[in-house]
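Order of writing sets the chain letters: A, B, C, D, E, F, G and H. Residues in each chain are counted from 1.
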Amino acid sequence: MAKKTERGRITIDRERCKGCYLCISVCPNEVIIVSQSLNQQGYYPAEPKNDNGNEGKACIGCAMCATICPDIAIEVYRE
Amino acid sequence: MAKKTERGRITIDRERCKGCYLCISVCPNEVIIVSQSLNQQGYYPAEPKNDNGNEGKACIGCAMCATICPDIAIEVYRE
Amino acid sequence: MSKKIFSRPKYLKDAAFHYCPGCGHSIAHRLVAEVIEELDIGKIAIGVPPAGCAVLAYDYFDVDIAEAAHGRAAAVATGIKRVHPDKIVFAYQGDGDIAAIGTAETIHAANRGERISTFFINNGVYGMTGGQMAPTTMLGQGSTTTPGGRSMIRDGGPLNLSEMLGLVDGAVYIERVAVNSVKNIRNAKKAITKSFKVQMANLGYSMVEILSPCPTNWKMTPVEACKWIDEHMTKVFPIKVIKDQVGKI
Amino acid sequence: MSKKIFSRPKYLKDAAFHYCPGCGHSIAHRLVAEVIEELDIGKIAIGVPPAGCAVLAYDYFDVDIAEAAHGRAAAVATGIKRVHPDKIVFAYQGDGDIAAIGTAETIHAANRGERISTFFINNGVYGMTGGQMAPTTMLGQGSTTTPGGRSMIRDGGPLNLSEMLGLVDGAVYIERVAVNSVKNIRNAKKAITKSFKVQMANLGYSMVEILSPCPTNWKMTPVEACKWIDEHMTKVFPIKVIKDQVGKI
Amino acid sequence: MNEKVLMSGNHIIGEAAVRAGCRFYAGYPITPQNELTEYMASAMSRLGDGTFIQAESEIAAINMVIGASMAGCRAMTSSSSPGISLKQEGISFLSAMELPAVIVNCMRGGPGLGNIAPSQGDYFQATRGGGHGDYRNIVLAPGSGQEIADLTAKAFEYADKYRTPVMILQDGMMGQMMEPVIFPDPIDPTKLPPKPWTLDGADGRPSRVIKSLLLDPLVEEALNWKLFERYEEISRAIQASETYMTSDADLAVIAYGTAARIAKGAVKRARQAGLKVGLFRPITLWPFPKDSLLEINKQIKNFLVFEMSTGQMVEDVRLSLEGAGRVHFYGRPGGPVSTPHEIEGEIRKIYEIRA
Amino acid sequence: MNEKVLMSGNHIIGEAAVRAGCRFYAGYPITPQNELTEYMASAMSRLGDGTFIQAESEIAAINMVIGASMAGCRAMTSSSSPGISLKQEGISFLSAMELPAVIVNCMRGGPGLGNIAPSQGDYFQATRGGGHGDYRNIVLAPGSGQEIADLTAKAFEYADKYRTPVMILQDGMMGQMMEPVIFPDPIDPTKLPPKPWTLDGADGRPSRVIKSLLLDPLVEEALNWKLFERYEEISRAIQASETYMTSDADLAVIAYGTAARIAKGAVKRARQAGLKVGLFRPITLWPFPKDSLLEINKQIKNFLVFEMSTGQMVEDVRLSLEGAGRVHFYGRPGGPVSTPHEIEGEIRKIYEIRA
Amino acid sequence: MIIKTIFAGSGGQGVLVMGYILSTSAMMDGKQVTYLPSYGAEVRGGTANCTVCISSDEEIASPVASSPDYAVVMNKPSMLKYQHIIKSGGVMVINSSLVDAEPDRKDIEIVKVPANDIALELGSDRTLNMIMLGAFAAKTGISTQDSLMNGLSVVLKGKKGDVLELNRKGMMRGAEYV
Amino acid sequence: MIIKTIFAGSGGQGVLVMGYILSTSAMMDGKQVTYLPSYGAEVRGGTANCTVCISSDEEIASPVASSPDYAVVMNKPSMLKYQHIIKSGGVMVINSSLVDAEPDRKDIEIVKVPANDIALELGSDRTLNMIMLGAFAAKTGISTQDSLMNGLSVVLKGKKGDVLELNRKGMMRGAEYV
């Protein structure tokens, strides 16, 4: 498991995402949100919050979102 | 179970008997024997010993022979 | 004056069995017929024999008989029982029939809790077809399809179908008995009686597995075959109540 | 500089899954592909997907794939493995495929101790055909063929195939896992890894039962579906090691 | 008269079966016939006096139907191509034991797993007996929603009358398409003629056996000829077909089921274009309506058989004509649905050859 | 040359299969073919490099054969009528996936459980495809012990060459009867031509899939026509039959397998009595040897088809002749074995009609 | 004359109901009608479509529409897919709230209905399909509003009154819009 | 010319081996031969029989003998069953040790061989069938003792020498007897 201090980053492939929102349900720091716009498949995809958007809480690169993402739409990076 | 004192009697249907001899193997008083002659099916059937033939030991009508006889060739009587 | 205390049961036709000398099927047939008579269900009984040495059971049982394709007795019995819930339906199957080709039908009929009684004649071999391996053949036991005897690595081991059925909710009573001795035969009859009573009380699926000698394919005398059951078969297929959710009945 | 710590496994083709949003098949596919990569068996792996929603698995797994008729994956896998004992053969089957029509093939492949790995996706429903009752559907659970929900008396109860296989000698490792949470997914991956290792060590038959959400036919959101597995499914299908004759490997 | 309703072919079979007194259904899901299985599930639970079982397999289903039929109940099972293949042993047993039963095959593309698109690749299996031994089954091929209802009723009637399995052979399109239909009044199953051969316990009568094991070859032979005679009787009695615009035609298109609908459209187009074309549509595939085909054969010597297969019914056409006419074939196996326009084109080709 | 041995038909198939490089057998016991299953059990354990599995059912057996064939091994299964019905789904899959396999049907009396006597009631099932979808299988019908050996070798050859299941269709008498036979030298299976389509792990090549699911109707249609073309090719290439005393004959008896042996005896008797009678014996039942039948049809217009069934092959005779000859039929379904004397009687009847 | 219409969109948009209602009302008007939904694996993708054939007199040969007279498309993929097969001179009704792109066919009539927006006004996107259906019928005259209403009430039989009312409103609004 | 012989008796009497040895020796003599055993359920009854057809030249059409030239019967049921179908002028060899009754056919030649008694002398009833076979061959000349011996040694290949010797003796004694 990643230490809280550690900084991470994710990318979400809009078109692969099917809007199941399992990632959002597991993210410890609530740094994933639902997009405002439909993708080509007609889903509202998930998207990462911009880092400083969540009163300081940021992605820690724990990869829980990617682990549960059925459609492998998430890639996780660590600084 | 029949008491030892009790006297019994069996009949064996020669033609139904297939000579498996299970009856002989279970008779407590050894009062069943193998016939000397073939039956129509080509088996040497079992047959009851004549009562006084087994140094006094006689059929007690316990029906063990009939219980194990696969071919229902044995009928048991009690006096 | 002397009274007859043992004779042919009413629901067996007066026909000589075609079974080999010392065959357990003959004993099992008699027990089933005796119980049908004692419970007085001969007028509502419908039997479903298998493809197997017992395929000719209709020549012996004097009740309605439905032939089933090999392995499908449980499905055929299901169809009959669902249409006639007030009748008594029993399947009579060999080990190849019930535990090989009929595995799925048997497990799912039990799982649905079909109100049928199943009598499973385990003689550890395919009798009718001439002595091939059965699912219940023991390791090392010879058969015409297991050169050198049944081998775990090539053929797998004996299958304990009854224990598996014990895990299934719809099955309320499963017992394993044998017909190789007077004592075992008397217990077997008790189990068959209970199975029918379970059905009469509409409680669910029940099965009696009957360890049964096949002297012909075991290449033994009937007396040896009966001993072999005690000395070997019961080690792998212990005689016992496997499941009983019914109790006294 | 930042390094990527999570990305698509090598043995999944770069194709979007056709599975519904939140479908457990997608997660199970990824785990199997990850393990194949980690154990470096991609060049010797042969997969046998079922008829079921996973019928299109060949569009995703970048290993040799053999299509099996509905329920027959265990038999097809047996044929392949006996011809190529040095290859790694896995069957991937749904609950209807493995526990209904495929009951006999599965139990007997396990009983023979076939050296194959089986991944059994238990989503309690016939997904591909549109939501009919599966052998693993829970009592009271709705389906298109169980008006008023599954009823014990009409339909029977959920079948615990894994527990039954636990009784079979040829099966050396049987575990039930789930893919409804990060923790469970990580354990599921461990089990899949062990199953492949059991085969690589030629120890016998192994199976991993994977509790898997089917939001579409459960008529739930994916998040609800994952919760439902914890709150209801695991009560009947407890997550646990059912049989392990292997230990550490 | 009962009201007109809009229903899919699969649902129509279910409703018509229930109204025909069917009180036992066992089946196993498979596309494109799931709606029928699902309809029977709800119908039977609504009725109360009927049984629905989702079997563990197609094989279990057909054997449950065997049991229900032995017990005297009007029974049905349904599936699609691969599942029907699995029922072949059971169908052979039904035929040998002279048991009535209705079997629905909602055909899909094949062979193998194939696809779920409409296809007619199972004609041989249905009409020649895909199972072992000498037997034939009555095979009915509806061409519209209303006919599905009518033939389903007939299927149960024939099954009981001739003590034989009857197959309703349709395809995914027929099963899925909704059309208006009017149902007959329901039959009370308890009012159906008694069956003196069923198994219900030997109470006040000798015990019975229903079996197909006949170890004595001469006895088995006797059964085979007995069945043969019955098949001859059926052939004389129930052949059915539709003829459309054949009286003055130079060419007849021969097609059944979905293919016949399309062919009819093509015939209309051709007629509008002044071609003297008619349609011959077999409704009973077995017995094949040989007599009425030979009837129009007096007038028509040129035939175009159109099947959604590589050519199966065309053999029955050839067998019927025995050379008395030129038989052309056009096939679209595997699922594509032709257009009337496309078939009109095929008609023209042959027309030109002739001219 | 190898020595002549006396063996039963069932054993001959087993030995010939092993010599043809068959290294995988899965089967399930059923009379009258058990000797073959048993022979394979001992042969494979003797060989060491082969697999024998007594499957839990016929369905499991055919699906194991599918797997073994996918893996590239020459594979065989065998059964008798009811068991063959259960294999129909698997046979359809083999055909759709273009997989070689050899399937032996040692026919017994039917339908249903029937009996174990020799019969020819499964001709339709074998030649028309008892399974679903548009496919045909090569069907070989041996008439003697030596021919059983020869055709078994051919069966494996054809299966690989045309990537199709091949059925050897015999009956209980053929399977049980012992005759002298000389076997060819064994083939080393490792020396057989490589199969570039098998599944053995994607090592140094792209991953492969063997499947029959073709959701796109046009793709499924393409497969159907591809198979159709191959069947046409097979029909041109391998038709086989025996003609006996047909050159000057007025009447030809047409029969295969056991029936043909008896018919030949009848023809000899008739010839001794001065009747100009010949025999036409199809060896390939599918493709039916139409070409050579039409060849003798130039001379012979009068035919007596003799089958141990109520009449199945007779349809192929009619389809071949299309009216160009009178086709009589004599059948003995269900197991009785006719005598040459009996068939001679049938020959005379027709002869008298003609005269 | 046979008129063929294809309704297409994604799973949740009530596409099949639209066709079912139209077919039912046509049947009640004593017309010949066939209704063919997409089924099976096709559905898994999340798209749905159905074909309705209506004829005042002649039997309908094929329920399939290789070149439909009309198409009602609820989302972009459907528009892109079906625009090419519509008969020349045919009509395509488009849910312009979800479809930004323009069809490139010039020989067909395009009718844009901002269904989602209208639904929003009506306060329930369960009316989406009724709005489109109403607009489609009004535009093409394939059915009168009255018979559509009849069809609606049969199809929704057993449903609560307010549901019926809501759908009725949607249909009206759609009709008014064009 | 084709000569057909039926061997019949009960299970344990080695009936099938008799036919198998005769067939093998005929094959080794370069003759046409078929051997057809009873099989399957028939056997369950405990009876066994086989039919051997031998021809020096012509192919054998049917391996079944509806009217055999010869029959070798080992027990009473077999005698009763087969006496009726033997060709007129044919030969029936009977194991008179087990068959008390007389056949009622007058147009066939009856040869009685007390096989069990002879076997007793030889001290093993495993020779029963060889005694009958030897007698049958000697009587009918269907095969020479030498070729029978060849057949015997092929069939018993692998068996211990004394077994072969014992069977050989039995065959001799049977031959001498007639």
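Following the convention adopted for this analysis, a contact is a pair of C-beta atoms (placed from the backbone, for glycine too) under 8 Å apart; a residue touches a chain by one contact, two chains touch by 3 or more.
Values in this document were obtained by computation on a predicted structure and should not be read as measured data.
Chemist: What's the minimum number of touch steps needed to get from chain C to chain E?
Modeler: 1
Chemist: Could you quickly compare A-G and C-F and let me know which has more C-beta contacts?
Modeler: Higher contact count goes to C-F.
Chemist: Using mean C-alpha positions as chain centres, tell me how far chain B is from chain C in Å, no decimals.
Modeler: Centre-to-centre distance between chain B and chain C: 27 Å.
Chemist: Need the CA-centroid distance for the pair chain A / chain F, whole Å please.
Modeler: 62
Chemist: What's the distance between the Cα centroids of chain D and chain F, rounded to whole Å?
Modeler: Chain centres of chain D and chain F, defined by C-alpha means, are spaced 40 Å apart.
Chemist: Rounded to a whole Å, what is the gap between the Cα centroids of chain B and chain F?
Modeler: 55
Chemist: Could you check chain F for residues that touch two or more other chains and list them?
Modeler: 31, 56-57, 59, 82, 89, 93, 97, 112-113, 116, 211-213, 215, 337
Chemist: Which positions in chain A touch two or more other chains at once?
Modeler: Chain A, residues with two or more chain partners: not present.
Chemist: Of all the residues in chain H, which ones touch at least 2 other chains?
Modeler: Expected reply: 40-41, 46.
Chemist: For the complex, give me every residue of chain D touching chain C.
Modeler: Per the stated touch rule, the residues are 100-104, 107-108, 111-113, 135, 152-157, 159-160, 163-164, 167-170.
Chemist: Give the list of chain E residues in touch with chain D in this complex.
Modeler: 28-31, 34, 37-38, 41-42, 45-46, 52, 54, 56-58, 82, 112-113
Chemist: Considering only the defined contacts, which chain G positions touch chain E in the complex?
Modeler: That would be residues 20, 23-24, 27, 33-37, 39-41, 58-64, 66 of chain G.
Chemist: How about chain B: which of its residues touch chain H in the complex?
Modeler: Counting only chain B, the residues touching chain H are 38, 40-42.
Chemist: Which positions of chain F touch chain D when the two form their complex?
Modeler: Going by the criterion above, the answer is residues 23-24, 26, 51, 53, 55-57, 59-61, 63-73, 75, 89-90, 93, 97, 199-204, 207-213.
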